[in-house]
Amino acid sequence: MKPIEYADATDAVRAVYDDIKRTRGVPDVNNFWKVLAHHPESLRRTWESLKVVMGPGSIDPVAKEMIYLAVSITNGCTYCIRSHEAAARKAGMTPAQHGELLAIVGMANETNSLATGYQVPVDAAFLER
Amino acid sequence: MKPIEYADATDAVRAVYDDIKRTRGVPDVNNFWKVLAHHPESLRRTWESLKVVMGPGSIDPVAKEMIYLAVSITNGCTYCIRSHEAAARKAGMTPAQHGELLAIVGMANETNSLATGYQVPVDAAFLER
Amino acid sequence: MKPIEYADATDAVRAVYDDIKRTRGVPDVNNFWKVLAHHPESLRRTWESLKVVMGPGSIDPVAKEMIYLAVSITNGCTYCIRSHEAAARKAGMTPAQHGELLAIVGMANETNSLATGYQVPVDAAFLER
Amino acid sequence: MKPIEYADATDAVRAVYDDIKRTRGVPDVNNFWKVLAHHPESLRRTWESLKVVMGPGSIDPVAKEMIYLAVSITNGCTYCIRSHEAAARKAGMTPAQHGELLAIVGMANETNSLATGYQVPVDAAFLER
Amino acid sequence: MKPIEYADATDAVRAVYDDIKRTRGVPDVNNFWKVLAHHPESLRRTWESLKVVMGPGSIDPVAKEMIYLAVSITNGCTYCIRSHEAAARKAGMTPAQHGELLAIVGMANETNSLATGYQVPVDAAFLER
Amino acid sequence: MKPIEYADATDAVRAVYDDIKRTRGVPDVNNFWKVLAHHPESLRRTWESLKVVMGPGSIDPVAKEMIYLAVSITNGCTYCIRSHEAAARKAGMTPAQHGELLAIVGMANETNSLATGYQVPVDAAFLER
């Protein structure tokens, strides 16, 4: 789907673009938002949700971005990996942390398939919560 | 596959069990290891890798466990979710952080499928690295 | 794998190509079939199945194509997204329906990971069937 | 995670439960919502989104539920399959439609892996949009 | 969905059950077929395909079953893991081969996520085919 | 991430490259290793594991590579499909076996989603192990 540029957008779409730019302090929004703009309701709703979820909270910003990136890698979503790797770096992820993050994601995918393949019974201790 | 208890394990398997217990300061190992023990080489190799990957590094321990948990949820691995949620709590994850983590994982899965479904073209800025 | 064009195909492969063209009223078959032709038995078997599954039944044609597209997005299969989005449009999917479809797929992926991450117990009412 | 019943819920959580019951005309909410209630912000945000996405639009209600179910099956989310199969039936899905839906989902998963395995090149016609 | 037993099945369904029993030399069919019987056309079509795909060919029977099991583990399908592990054993898979198979599946899932996470560019040599 | 060539690599990285070249009898290593070299510890650890897992054992080399390829297709990892298809061919996979392999992977993905979609109860016989 072709991205919709600011100049070609409706007022409702521009209002979301403006809020993204203000919130993030960036001169333009990414293609993700410009494509979502084909369905303005999804654009508005997704941005409102993302602003809350990725905004200030009890997990620090770089860890939040690394968690987002870990999910994106596991799903094999190229766009998401590229954009959230950039976001994680901007938030402060160092090259060493990036290398460790990928090692954890790789290891988790390996042990996940081992646990599934062996059909490991859940330990009684993990059921109490 | 049935877990192999310490009493029934070979010396090679016991040596790994002992190292896990020592490293983690726990009285017994989880079923994951007791099942992997059916293939001692996998037990040894997986533990040696996990010890390095989840050991001290540049990402703090609770963030490491939250990343592991995020991958496990995305893969839908019940055993892994249960055991790594417990590990994350032990490492210090608070209920508020757990709630935020799940919100991020949910949001990432939603936007991943939106980016994929719309076939969003990668922004030029994300290709430079 | 390189697509096998009609001119280069065996008689058995041409017979399937001809049936696809006749059934769909198209001048040529897609690359999917031209690549499957490397294993003629798979070409024949897959087409025979698809013809039945996507043929007239109790679900209307555009809904069938939207279901197919929803699965393809969730699997992250680029070829399948591109070809089934085209097929859904041809069957009558409007831009508004396309936008809603993607919103549903995104939402389903979000709530799926929330249900999995929280390990929600199945309601008793859902077990009776 | 244990479901939080109405009697034990805070006012903010009860307000969401009440809106779900009113909107759907049901006497109680499903476990999904009762578990999300551990993170009230996620409860509110997810319900507000779902109400919009699954509410009246250009795709008919039973097709919407079938699309949701198709994603849930592809993700292998047991809770989601059980609850959305029930929702689809309530919306009017017949046993014949259920059988056809599953046939489409199965077929889509087969052809998705064939397209991926053969690395089928995208037809030029599918790139124009 | 409840399995449909032979005694309660229609003639068309019984004909497929009989063919499965004859082909496999077993006294009864698995629940998979008894559940598919709710949609007789899917039962017939799926069995006809499976009989061809898993029948004699150029890959030996135990390797075929191990490939099937590898896919089932990667998809996290419990029923499929249980039934195809049994089928692989019946076809001759030894405990040592089972252990090695799981090690390969684990390793493949690890390196797959590393290749995806690092966005490794495809080597020129792999594009020539 | 940009591949690190031998000329630009540290001694520790070169030692791994040398071992890969020696073990496989190849003049250069693939991009996968050259990218992993950004995190030398992951390079060393992953290679040590892969050498054991894919080395001589009780499953023959071509079957090992076909299992690896089956997982890679199911994960939709383009790099992995391309590189392991090449590796499988080098190990002796014939075009006929490649066609059959893809048919099995496709079939397994179809029946996996049918078993999941119908929520087939595990047969008692498959629980005994």
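For reference, chains read A, B, C, D, E and F in written order, and residue numbers begin at 1 within each chain.
Operating definition for what follows: a contact is a pair of C-beta atoms (placed from the backbone, for glycine too) under 8 Å apart; a residue touches a chain by one contact, two chains touch by 3 or more.
Note that the structure is predicted; figures quoted are calculated from it, not measured.
Residue contact pairs shared with A-F exceed half only for one pair among A-B, B-C or B-D, and that pair is B-D. More contacting C-beta pairs link the chains of C-D than the other of the two pairs B-F and C-D.
Distance between Cα centroids is largest for the pairing of chain D with F. If each chain is reduced to the centroid of its CA atoms, chain A and chain E end up 34 Å from each other.
Each chain gets a centre from the mean of its Cα atoms; for chain A and chain C, those two points are 27 Å apart. Each chain gets a centre from the mean of its Cα atoms; for chain A and chain D, those two points are 21 Å apart. Across the assembly, chain B contributes residues 1, 38, 41-42, 45-46, 49, 74-78, 82, 96, 100-103, 105-107, 109-112, 114, 116, 118-119, 129 that each touch 2 or more other chains. By the touch rule above, chain A contacts chain B in their complex via residues 1, 3, 30-32, 35-36, 38, 42, 46, 49-50, 53-54, 57-60, 63-64, 66-68, 70-72, 74-75, 77-80, 82-86, 94, 96-97, 100-101, 103-105, 107-112, 114-116, 118-123, 125-127, 129. Listing the residues of chain C that touch chain E in their complex gives 1-2, 41, 45, 49, 52, 129. Against chain E, the residues of chain B that register as touching in their complex are 38-39, 41-42, 45-46, 75-77. The touching residues of chain E, when paired with chain A in their complex, are 69, 73-74, 76, 78, 81-82, 101-102, 105-107, 109-114, 116-119. Residues of chain B that touch chain D in their complex: 76, 95-96, 99-100, 102-103, 106.
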